[in-house]
Each structure stands twice: as C-alpha cells, then as structure tokens.
Amino acid sequence: MHQLTANDPAELPESTSDVKIGYVGGGSQGWAHTLINDLLQCTDVSGRVALYDVNYEPAAKNAELGNQLAGRDDVDADWTFEAHHDMEEALADADFVICSIQDPPEETFVHDIDVPQEYDIYQPVADTVGPGGAVRALRAIPQYREIAATVREQCPDAWVVNYTNPMTVCTRALYEEYPDINAIGLCHEVFHIQKLLAEITEKYVDEAEDVSGSEIDVTVKGINHFTWIDEANWRGHDVFQYLDEELEDRQPIPGFEPGDLDDEGYWTNHHQVAFDLYDTFGLLGAAGDRHLAEFVPWYLDLEEPEEVQRWGFRLTPSSARAGDGEGPAKMSRYLDDEGAFEFTESGEEVVDIMRALLGLEPIKTNLNYPNVGQTPDLTEGAVVETNAVITGKGVSPITAGKLPDQIRSMVQTTVTNQETLIEAGFTGDLDLAFQAFCNEPLVDIQRDEARDLFAELIDLEREYFTDYDLENADVLAD
Amino acid sequence: MHQLTANDPAELPESTSDVKIGYVGGGSQGWAHTLINDLLQCTDVSGRVALYDVNYEPAAKNAELGNQLAGRDDVDADWTFEAHHDMEEALADADFVICSIQDPPEETFVHDIDVPQEYDIYQPVADTVGPGGAVRALRAIPQYREIAATVREQCPDAWVVNYTNPMTVCTRALYEEYPDINAIGLCHEVFHIQKLLAEITEKYVDEAEDVSGSEIDVTVKGINHFTWIDEANWRGHDVFQYLDEELEDRQPIPGFEPGDLDDEGYWTNHHQVAFDLYDTFGLLGAAGDRHLAEFVPWYLDLEEPEEVQRWGFRLTPSSARAGDGEGPAKMSRYLDDEGAFEFTESGEEVVDIMRALLGLEPIKTNLNYPNVGQTPDLTEGAVVETNAVITGKGVSPITAGKLPDQIRSMVQTTVTNQETLIEAGFTGDLDLAFQAFCNEPLVDIQRDEARDLFAELIDLEREYFTDYDLENADVLAD
Amino acid sequence: MHQLTANDPAELPESTSDVKIGYVGGGSQGWAHTLINDLLQCTDVSGRVALYDVNYEPAAKNAELGNQLAGRDDVDADWTFEAHHDMEEALADADFVICSIQDPPEETFVHDIDVPQEYDIYQPVADTVGPGGAVRALRAIPQYREIAATVREQCPDAWVVNYTNPMTVCTRALYEEYPDINAIGLCHEVFHIQKLLAEITEKYVDEAEDVSGSEIDVTVKGINHFTWIDEANWRGHDVFQYLDEELEDRQPIPGFEPGDLDDEGYWTNHHQVAFDLYDTFGLLGAAGDRHLAEFVPWYLDLEEPEEVQRWGFRLTPSSARAGDGEGPAKMSRYLDDEGAFEFTESGEEVVDIMRALLGLEPIKTNLNYPNVGQTPDLTEGAVVETNAVITGKGVSPITAGKLPDQIRSMVQTTVTNQETLIEAGFTGDLDLAFQAFCNEPLVDIQRDEARDLFAELIDLEREYFTDYDLENADVLAD
Amino acid sequence: MHQLTANDPAELPESTSDVKIGYVGGGSQGWAHTLINDLLQCTDVSGRVALYDVNYEPAAKNAELGNQLAGRDDVDADWTFEAHHDMEEALADADFVICSIQDPPEETFVHDIDVPQEYDIYQPVADTVGPGGAVRALRAIPQYREIAATVREQCPDAWVVNYTNPMTVCTRALYEEYPDINAIGLCHEVFHIQKLLAEITEKYVDEAEDVSGSEIDVTVKGINHFTWIDEANWRGHDVFQYLDEELEDRQPIPGFEPGDLDDEGYWTNHHQVAFDLYDTFGLLGAAGDRHLAEFVPWYLDLEEPEEVQRWGFRLTPSSARAGDGEGPAKMSRYLDDEGAFEFTESGEEVVDIMRALLGLEPIKTNLNYPNVGQTPDLTEGAVVETNAVITGKGVSPITAGKLPDQIRSMVQTTVTNQETLIEAGFTGDLDLAFQAFCNEPLVDIQRDEARDLFAELIDLEREYFTDYDLENADVLAD
C-alpha cells in the first residue's frame, strides 16, 4: 500500500521553500491572473514566478500585479514575480513551467473560423480539430518545439504544464521534440461533465446533497475534447443508472428548434450532443457539445448556420474571438486600487498538482499525457486524456481499458490526424499536413475544394508558416 | 526452394479425376456460364458440378446447358452438371464450393440506391459500403452463415470461393461462422488496374509490346474495392516512375465537366479518383473509381448528381440494376441451338485456382482472405485484399507491409465498420449495426436523419431481416 | 479531480451496514484468524462472514471463535460468523468472497518439493513456478473454476479476493471461467521490499525517521513473486540513488559461503538475489529471494544443496511444509480462554480494500489483476502484479510501462507458461501442460528425464488429477 | 494474377548483360568457388565479379581461377573476375553484394567452443547461440555495420546476400545500420529437412519416386537454425501424416547410447532432436540437430560429453574448426591443371535468386529477412526465417502465421537476445550484452560463474572487441 493522505505539514520537504515557476505566455490576463490568485493562497510552497511573453509589457504588468498583491495584508503566501525578455532566462532552473500562449486572433483565429464557413464548413470552436484546428496545430508546433528545446536546455527535469489549444498537439509536440520531458496538459471540460453528473446524482439519490463534481469518480478515455466516460460512481452508487433515467426524461433529442437559443450566450451547452452520443454509442461524450460536434460530420452538416441550435448550442462568430477588450481596463483597475482584486476559489488544479509533485498531498485527476497503456487500443505515445495519480514520484496514468470499436474508430481517426500533423510540423511538409486536413471529419467537401480551402488559409496566415516548406508544397501550387 | 513450375501432366495426382464442385447460386446466368465455359476447356481435371439455387429452375437449365455443351464435339473435357433442391445435397462431399448469390434487386438493391438519394447521399454502386452497402451486408450475413454451416456439415475441407458482394463481409461471415473453413473471395478490380499499368508500360518502355495485365507484378494492400498499390514492376522496370510521368500529362485532375460523360455508359471509368488519391496520398487506388469514391466523403458530396462527372464517372440509376431482361432469351437460344454458345477465354481464375489447389500448377494472384500478417496494421482476422501463392498446400498470403498512416486511417474506418456489421449480423443487433452505419463516410448527414434513413431502409426490406431483433431495436423505435 | 480523502463518517453509505463476506477455505487458521482480527477492529462496516471449508469442523470452530470474540467488551464492531457445508450457501448474495485454500501438504506439497530434488532440481518454495509450482497450478485450476462458477451463480457482482498460491494461476483461473468476475489477488512480497527501501531511506536521508514501508511510493511491474521496481520515492526523494550507494557498501554479491546460514531460519532473506538482479538487469527484484530464484536457472543450479547459502537464503525442507501442528492447540486455547486472543495490527489490507470498494476511503496498493494495459509488453489478459487505485467504482490499475527487454523476456517466459497451464487445466490436456513444464527455467535437465519427473509427480498425486485426461496423455504413456 | 513462369529468353531485359557482383570475403575457398561454379553455368546473365578480402592474396587467386575457368572451352557464360584491395572499390555500383567472412578460428572460434566447456557448457556448433554464438555475434556486428555503410555509400540499391553466421545477427546488423538496404540471408538447413520429408514421401506414397526436396512445399516459421515446419505437402499429399507413421516406427527417442556414434563423422545427424521437438511441441524442428539443441537447455545438459550421442549427434571439437589445411593445395591444383576443376550442380540458389531479381524466372524459397508480418507473434523487424517469392519487384515474404505459444516462447527468447546483442553491438555496451548472455538457454550456470565465463572470452578475444567500451564495462571489472 502507498499512503494517499497528505504528509504532516510540520515535516514539509525542504524542496517546497524555493520553487521556481517559469511561465511562457506570462502576459496573458486569463491564466496568469488565475495563477497569481491560486499561488497567493498556497502557504506551504513558496518561491518565484518568472513570466515570459513575446510581448514584454503585459508580462511586466502581471509581475507588478503579483508582487503588489503578495504584499497585501490578507496574503500569507510567500511568492515573488518577475518579467523576462528571454524565454531562456525565464525557464533557467525552473521546477515548473506553465505554457499558455496564443497568436493574435485577428491574424489567425478569425480566418480559421471564417474562411471554412465560405466552404460551408461550420466550426463552433475551431481551435482543436476541423480545418481551423488543423491549421492552428500547424502554427503551434514550431512554437512548442522551441519551448521543449528550451526546457531541455534550461530545466530538463522541470514539470511542464500546458494550457494552450490544440491541447493534444501542443503537448504531443513537447514530447516529440524532447522525449524525456515531464509534461502534462490541463483542461476543464471533464470537470463540467462531472458537475452534470453530480447534479443528476443529487436529483436521484436521497442522501445526496451539495455533491461537488470532484466527488464523482469517473473513468476517462479518449482524447482532449473528444473524451468518453463509461463509468461514474458516487460513494458506491453507479451514477449511470440515474443517467439512463434522466435521459428518458429529456427525450426527444435533439430537443430544440432553430431560433430557440437566440437569447442565450455563445457558450451555452445543453449536452444534447453528449447525450445523443451516449444514446447511439453507449458512452457519454465528456466535453462541451461545441467541442464534441467538431469530431464527427453529423451535427455541423448544416444548410443554414442557425440549424445548429437544434442541438442546443450555437456557433461562435469570429468577432467574439478577436481580442478581449476588457483586459487592459481591468488590469489598470487592479493596479490602481490595491483592494480591487478579489481572491477566489478558482477551481484550477495547477497548484494542487505542483504540491503533489513536490511530495505533499497526492491527488488523482484527469489530464493529457502520452499513451503508455492507459488506452491500449489507441496509438502508443499519442497524447490522450487520462486519469492519473500524481505523487512525489510523478504522474502515473490509470488504465482506462479499450473503447468500444466504433468509438475507437472515431477517436483513432483524430489521433492519426494529430500524429500526422506532428510529423508534418516537424518536417515542414504541408503536403503531408494536407492528407490529415482531408481526413478531418468536418472536411467532407469536394477534394479540389478542400485543397483550395487549405491553400487559402495558409496564404492568409503566411507569416506564421515560416517553418514550413511553402516553396515545394504541391498543395499550394497553382 | 519450392518449385513453382507445373507438374508433369503425365503424373497427374489421382485426386484430379473425380472432383466435385458445389455451386450456391447455381441459377445465375453470369458466373455459372463462365464456369461452364472455363471447366469445359480444362482437360486435366474432371468431375461434376452440383448446382443449387433458391430458384431451382434456372439451376436446372444451367445443368442442362452444361451437359449439352459437354457433349459437343469440340469439347474434350470430362464434366457433368446436375441441379439440386437442397444445398446440403449440392455440397455433400464437395471438393470446391462456389458462391454467387443475389437478392431480387427490385426488392432490395433498388431501395439501397434510391432511398439514400432522397437524403442527398449518392452511391454509384451501393453494394460494398455506404448506406446501401451496409444494408446489403446485413442481409447477406445470415445467408453466408447458412452456407458456412452447411460446408462445416457436408464438406468441411472443401475450398470455398466467393464472388458475391459485399465481398469482404460475405467472406468474413464464412470465417466467423466456421473459423476452420478454407475460403477465399475473388474480384476483378485489381486486374483492371494491372491492365492500366500495362498500357502505361507499353507507352513508356521501348521493348514493351502487348504487355498483359498479369505481367505487371503489383503489391496489393487494403481491402476489396479500396485496395492500394505502392509498387508495380514489369520485368525489372519500376512502373511507378512511368505512372508519375503519365500523371503530369493528365493534369488537371479532375479533368471533366458535368455533362461530358452523358454519352458514355454507366460503367465508364477514367481513373480520375485513383489518380487523385495517388496525388494526395502517394499510393494508387486499385479499384474502379465508382468503388473508390464510396469509401471517402469527398467525391460524392454533390449539389447535383451530374456534378460527379467531373471525376470521370457516372452514377448508375437503380433501373439499371433491376434484373437482367436478356438472360432468359439468351439461355433459350443456347439450349435450342447447340452451336450458339461460344467458348471464350474468360479471364476468370477460378479454374486456375482449383488446379493449383489440387497440386497442379502453382499460381500467384490477389484475392480476399483473413489478415494473418500480410497487412499488420489492419485488424487481425479481418478479410483483406492480398496477394497469395496458391499450391497444393493451400493459400499462402504474401506480406504487403503497412499502409501510410492516413491511408491506413481511411481503410481501417471501413474495416471497423465491416467487423461491427459482422457482429451485428451474428447477434441480430440493429442498434450496433446503426453505429457502423453512422460511421460510413458517405453518411455525413444530420444524426437524426441518418436514423430515419436507416429505419426506412430496414422497413422497406423487412422480409430480408427476419434474423434480426426488430422488436427491440431502439433505432427503429418511433 | 476526484477526491482521494475519506468520506465523512457521518454520511456512511447504507451499503456498509449489511455486508456479507463468503470465505472459501474458512477452516484455515492463518488468514481466517487475521480476518477475524481485522474485521472486529473495523467499526464503520458491519455484517456477517460465511465460512466454507471442505473440512467443516475447522470452519465451525473459526465461526465459534469469531462470534465469541465479537462479544468481548473491548470489541465495538458488529460482525457475526457462520459455518457452511455448501460453498453455494456460503457465497449466496455475498458482497465479498475470500479464497485461501490448500491441498493436504503430505499428499501434494511434500512431493512437489522432494521428487524434483531427486532429479537435482532444488526449489526453496515450490508453490509458484518450477516443477512443484507447475503441478500445484494444475491441481488448483479445477478448484478455482468451481469457485468462479459458484460466484457467477450465487453472487456475480461480488469482489473476490484470492490469497492462495500459485497466486497468478489461481486468480487467472477465476477470470478464465467467469470473465466478468471482479477478482484480485493479494500478496505481501512487495511490502517487504518497501520496508527494505524504507530502511535505506532512513539511513541516507537526514529527516527520515520511522519511515514505514507504505510511505515508499514504488512503481510495480511484472508478475507475482517475479515483480520488479524501477522507481521508488519518499516525499519527493528518489530512493534509487540511495539504493545505488547502499549496494556499493554491500559488495561483493554473493557475499556468503555455504554454511554461513546454518543457524538462521528457513525463511531468512538477505536480498542477495534481488540485488544481483538489480546489478545485472537494472531493476530491483521485488519479492523474497527464495521466490525470485525460482524464475531463472542460475541461483539454483547447485552441485550440493547448501551451496545455495552463497546467495543468503536456504532451501525449505518438505518436512517444514507438512502441516502446522500448533494450530489446533492454539485454537483450543483461544476458545477456552476468552482473553487469550490478542488483537493486533495485522498489516493485512483486505479490510481496507473492502472499505474502499464500499465507497469509504480510497486506497492505492499493489495487487494481482488482469493486464489491461498497465504492462503493455506482457500478454493482454494475463494476471500481473500491479499498482491500483481502489474506490467505490472498483479497481483501477495504474500504468507501469514496459519492462527492459531482457527482463521482459524472463517474465514473459513465465507468463506464457502460466497461460499454457491455464489452457491445459481447462482442457484437461496434460501433454500441453508438459510443454509448459519443460519450459520452466528450473527444468534444465535432459528432455526424457523431465518426462519421467512429470509423470512421477502426476502419478503420486493422481487423486488430485481427476479432472485431467490421464488415459490419453502421451506424456504418461510408458 | 501475376505470372510465375519464366520470361521468354528471347526478350531478356537489358539489365542482365552487365551485372556487377561485389564479394566481401572473396578470398574464401568455399562459397567463392561455388559462386564461380554456378555463374559459369549461367548463360542468360553476364558481367563481372569484384572480390574483396581482408587478405588480398586469396582473393586474387580466386579471381585468377575464375578468369581461367571462364576461358575454358566447355564454358559458354560471360563473366570476368577481379580482386580489390578496398571494399569501396569492390562494391562501387554493384548490383549484388555477397558476404561470406570469418575471423581466424584459432583466435576466436576455438575459444568460443573450448572455454565454455570448462564451465560444463557444451556446444556442438557454437556459431549461432549459446556463449560462443553470443560472442561471435558481438564480433560480427561492427564488421557488418561497415559493410552496410559501404553499401549505402557505394551501391545503395544493390541486393546483399549474406552467408555468414550468426546468420540472423549479421543480416539484422545490415538493416540496423542501413534500414533501406535490400538484404537477405541464405542457409541450407531447411533444404535438408525438405530432403528428409522427400524420403519419407517416397517411402509412403506409391507414385512417389525420385522426389527432390524442392518438390516438398513446406511452411517455414521461426528463426535461422531454430526454424519450424507445421505443414508439408507433395502434390496435394499432406506429408505430415506420413511423418506421424514414420515416427511410430522410429521409437524410442532418444534411440542411441553413448558410444554408438564413435565411428560416425562429427556432422552426423539422426534427426532425434527434431523428432523429439515434434513429439513434444507438435511442430517439426527444421534444422540440423546440432543447431536445434543449442536453443534449449535440455539436450546439452550433460554429465559427460559423450552422453550427447544418445540424441544421435556428436560434439565438434574445436580442432576440427581451426583452419582448413586442404584449401591451398586444392587451389594450386586448380590453377596448375586447367581441367582439374569439375563443374557440378551445387544446390546453391544465389544465381537463381539473382536471375529472379533481374526479372527473369520468379522463384519461391526460404531465406532470412526482417519480420514485416510473416510471423506476427515475433518481434517486428527482427530477422526471421521465412518463405518468400522473389521477382523483379524484389523479395515478398509469405505469411507463415503464429507459432504455438510454447514454441513462440522459446523462439522469442532467442529473438530478444539477438535484438539485445544488436543494441549492445551498436552502442558498444558489454553490460547490456551480458544480459543477453545470461539469458542464453545454454547458460544455466551460477550467475557469478557466467560473469567469469563472459569476461574470460572477451579477454581472450580482446583484439576483436576494439569497437566496445571495455573500460567502463562493469561485467569486466574485477
């Protein structure tokens, strides 16, 4: 037996008092603020955070904010923050590296969404798979190679935590460049499904009150954003029997009409796709519907965009992706008014994970990690979504077993595409990339049109493809 | 070394003088006539042919024709023909069993083509994959179980040769029912591509004249009708270098406009799809374009049916499938006029194969056979298209090696569907069958519409689904 | 995230108050007493224990003892004990089944040890592998089939915990008979190695005091009694670096002379074999040396039995195995003197495991379980030693990754033997069993002598082989 | 179908008139003379042979002999012979490369045989496995790396034919160094078993007279010298039924007594081991007994060397290996007397294979080739013995299917050892090599003695281990 309880805090390992965290993309106003929030509430680990960003200024602002907050009276934690112009410096001797980066949406993401739409390909997210996801992956691979190479050079034993999409390809690129890297990818989607199952549990189990998502013990298999659950348990109760009851209540599926969601936000989610996948294939799709729908050709085969509302979700227009206008104002307010920043329980796990890896409290969670047997019927070494136990010894994935044949077939199609994109990204071969592009389930258009679409996207984002052999790519030839 | 030359005819094995061939579907006027033609030109094997058909009369007519022709002066071969009311009798102690059956097209095939078209799914053939192919597979499985069970009972060591489509599923069903069966499936499509490569060889190699397709040595991998060639050789010449030259000449691909083929027959084939697959994925698609196009969503994603002509082939209307009106008249003519039947070189190989299996002349050809290592990256035991050496020891598949990743992904999707259909057919589970149906690449329509389509097809062909559990199939529920 | 902490005891699941445990081999005086000891100290689960044994009397005595102790003032737990004549009754509706059985040693075990010795094959344990282990496995398989069949019939969802050797084969037989069974096998050997590593940690880490074995987090791979550790961690410290230092101190290995251990007990263990395997192959053998030595031909290739002392362990004479004379006297004392039985901390985990499976406190431990990906380079489905997380959802093995090639080769040889013995046991085919027998690493004698040895063992234990086809076994023919 | 008959000689490919063969080890008096014999009887291919040897003189003599014979009146073939001082020159632009090399036996082979015998390890051959085979493999790997590197540089598309033992490791080293190499290994052992089966066929089949081994169609699986046959056929007759009859006649096995073979030659073979393996494991061992016995610990576990005669074969003393004194005299005779050399039918296939690869007559034979699916249960990429079809397109292995589990276990043990030796040879890591050495089935001695033996062999042959890291090898440390 190995004990799962926390170590006595009186006996803290020495290693917890001088931790260095390198942060790539440290100018962000999302994850960076969350990290500041979480670290400054963590009192049994201390150290410093080195923020690096291609744009130095926002990183410097974040450092300033972090240090200012660290000095507040209501903060007991002991962390300092610093901004860097070089990634090498930021990562030198780091114990942990966090990655959260994004290309300017107006020059990239907006095209990824809008151009395919001209070819009648609709993508609610466009950051994982589909034409948009594939192109985003190709852009990200060279950047993640650089990060991995820097880790190998500056902090070869550090644990690297990735938050950037496409999650799978980014994390996989780290391992392809530096096979001995210690890296994981973190994503929220499964937590939302645990929350849904917690609500169902509360509804059907008498003694269940205020059940949190983390109390639902789920098996997790598949890949990020196309994850599947085949077992869920709350304190010995099989939650899937309640799910079956619940689904009878919720028939018919799809249960909406075009227009029904006009007043809801772009991110609304009624789990119609997740439930339909459960009805048809027997396992619950464990991500938001907007993600799930992009992995199969059925839900987004639309005559008119609003038809997608039948499935209880909406398309996100590219305008909603083009930069976050509120960020700078919020930052100014935080810096001007020391009390403006309110510490919250973020729900993020990165600090829990760091504590576990430092030999403090072990945790079990889902994350993205190379397949070393946890899903034996998917490609070995591909990055999969997986439950894992995290201790001072590291990350130990938990076996999830095989997928049912038809689900495996769907998942493996994307796994193969992702592996091909990695190969294309590492060799700079866009003709190879185009093979994967054609086999994206959303790319069910005429073959010659697919080529036009691919070439158009590359052309529009040309400056982000300097690592590719554009000259000799047949797919780009006239 | 094992000699590949023919045995001296003076030393014919005893076993060649009393061969029994059982024929399931013996009332056909296609394969049965070809078999009569070929056997009556084979003088080193003799015996009898037992014809069985669900309709006795046509089988009896075929027997009459065979015996009449066997008596003709220009025939030296020694074969007799007999018709049977029972499959058991026809197969009792058979050395070989030939299967070539078809449900009445008006009650089945016509729906398989027409109903999906109402859902904007166009299928040029509809007998292998796609909605039509899937439903045809489900109908065929119980029939092939019965054949396999009869073989196990009546002639367990016989070699069974299948000609019926869907080739892969029919052959696979034989092995699923009776794993020790000796069965192969035969199909022409690769020969046509060998012919194409022979023509290209003649064009580019000076000394090459009158090159026959069988002189082109090709590697064959994949599955029936979605077969791939990655090497072709004529007497030490690498034919693929000439193919590359030829393709430059034939650009652009696709090279036709809608309407261009209006005056060509339904079966016209300009290899545009095969060449496009070669351009994109690097291996040559080795089947007719009408077949190849059904395994991917691209070529048949049509606004209007005639758009398909861009790729150099046409859709076959269901009317062209509804029974062959000329058969009976031709048969009358043959029976009335002894000299009317003209013996030809059929190009079929079944008699060559029988001779090889009897220990006469070894041959090497492509056929359909369970995967025992010849394509190690496709499902073990699935039926694949494969080169094989055939001798008195039996059928020995030749290794073909792995497929490139993206081609493997496309092929494996269909392999998985076929394996699922087999499982569904053996358990009678239409909900499971529907999972495979959804994952047919041509079924890229809204999920609830796919369900309507599936249910409609089953309903129209209900009398052919008596072996399925229609009562409890959720997919058929209102 | 899924929480790993204990549920609040105030909210105990209903299911914990009426638990039934069936016990096969319930007349034992080892495990049965330990179970009584542990259950009567467990206050948050209650229920009854149904003891079954081929010999009813000892089971009845155990029930009497259990009930008597349950009534003692110092016991707060709520358990009752009952003895049964039928296994069916004992297992009816059980939530848990415990198996701990043994054939009469004088009629079996004694031969397993002594007869091979006449052929110069020395086995310190003879209950796992080697000629003795193989024959013991063959005897056990029919018994474990019967247990599994009874579970399927009487309590199909029960969790079955096996303690009997050969651990792997017994547990594997349960799954072969009833593939949907929930079964695990428990063994102590890894705990002893954790203890060793804890001692080394105490020696080399300043702040490490009173480190318990369970604090050492180890990776576990391989099979029972031939288990391997490639990583060990204590609160973030890599313990293997201390192991390397320690081994330099302990050179040379082997470090003893014949005769050195004459005054030590038969079970003495100086880890010389474990360390030698570490030196040679790079991973630490994680079982007692007496077990490890039986999986390879080297350590037991002896001219004289006492030579084995060079490696710091002794052979156990069969006399030490022939029945435990003290049992009955101890039992009488316990029953006569209510206070004689002293409750102890047993170190056994079965009650912790039951509590975890009931949805109380999750635990992580090593156990024996079918290979579903945790060791992807060993046979799928074979029973392997593995770390696992145990929760209300069940047993989730943790991936351990591949073994180094040469270790894998050694382990897989035994895995294949065990799988062959299972097949032989289920078909009753002793000729097949003999193939595995020949490939036991200890059976490196002349082939015809191996046959004589095998036949002699079967003959001596003939009454335990009634499920085998002795008539038609070529290996037994004169 | 692809035709298997010879091409019409009137249409010889141009490529057959100017063939260059490079010969590494061209000073040999065995294979080189055979090649001269065979080439000078081959009239439809012509060209030149470039002989290279570390000793130039014998190669020059061979060239002289070849040219002299080529001019004889009874020779119609058109070949010239030349000797080279550099391997590069000899291989430049070669179409074929033949390898047949040997270290001076007195400095190597003699130790490989004699030193293990001091540790009671008896090896009848010592050139494939066992302590001698392992050490020979380590010596050969650097030499074969050099050959492969030269091929890559000088003649990347050439077909390389290896004759040197250890066959598997030498051929495997070629592929490890240059994965795109076209290489095969040729060995006679299977032919001898075909001959045995031909004799049995003649005995039991009435019409069978003068059956040659090549008429027996056998399935071949496993590895060189540890090959297995599970099917044999002569013109439709299952030869294994006759083998079963024959074996009943030949009982008991072993059927000899020590001393029985004192008057027979060292190479005598009574197939007792092959038959015993067939009796025990169900497949026929398809190599000479002296080879087969070295792959398992049973037949060579001897108290006294002559005991091995029980199994119908003898040990070969190292003196019989130390150089062939007759060679130079024979060569002088040949050169002095033009008519002294008599052309014979050698039974070698290398010329047939060259003709097939040049697009002349296809052949089917067994050879050594990387595992690409022909034996799917052995390591992918390992070199295995395999049937193959050879045509102008190249070498196409024929699938042989899986081995029975226990045979697979034995074969895979050696495959793993060979793969480990390759890794050790490429990294220069003798500690890794020692892991494989320990797992040689013949090395069933005390672990510390095995280390002494290994170190002693390396020390005696030190000058052949210059590519290894002797300094840092723990296994060589005192």
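For reference, chains read A, B, C and D in written order, and residue numbers begin at 1 within each chain.
We adopt the following convention: contacts are C-beta pairs under 8 Å (C-beta built on N, C-alpha and C of every residue); 3 or more make two chains touch, one makes a residue touch a chain.
Please read all numbers here as calculations on a predicted model, not as lab measurements.
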Farthest chain from chain D, comparing Cα centres?
A
Please compute the C-alpha centroid of chain B, do the same for chain C, then give the distance between them in whole Å.
55
Where the CA atoms of chain C average out and where those of chain D average out, how many Å apart are those spots?
46
Multi-chain contacts in chain C: which residues touch at least two other chains?
none
Pairs of chains found to touch, sorted by chain label:
A-B, A-C, B-D, C-D
Parts of chain A lying in touch with chain C, wherever the complex brings them together:
1-5, 7, 11, 13-15, 191, 207, 214-219, 231-237, 349, 352, 357-359, 362-366, 372-376, 380, 387, 389, 391-394, 396-402
Chain D contact footprint on chain C (complex, rising order)
254, 276, 279-281, 297-299, 301, 405-406, 408-410, 412-413, 416-417, 419-420, 423, 434-436, 438-439, 441, 444-448, 450, 474
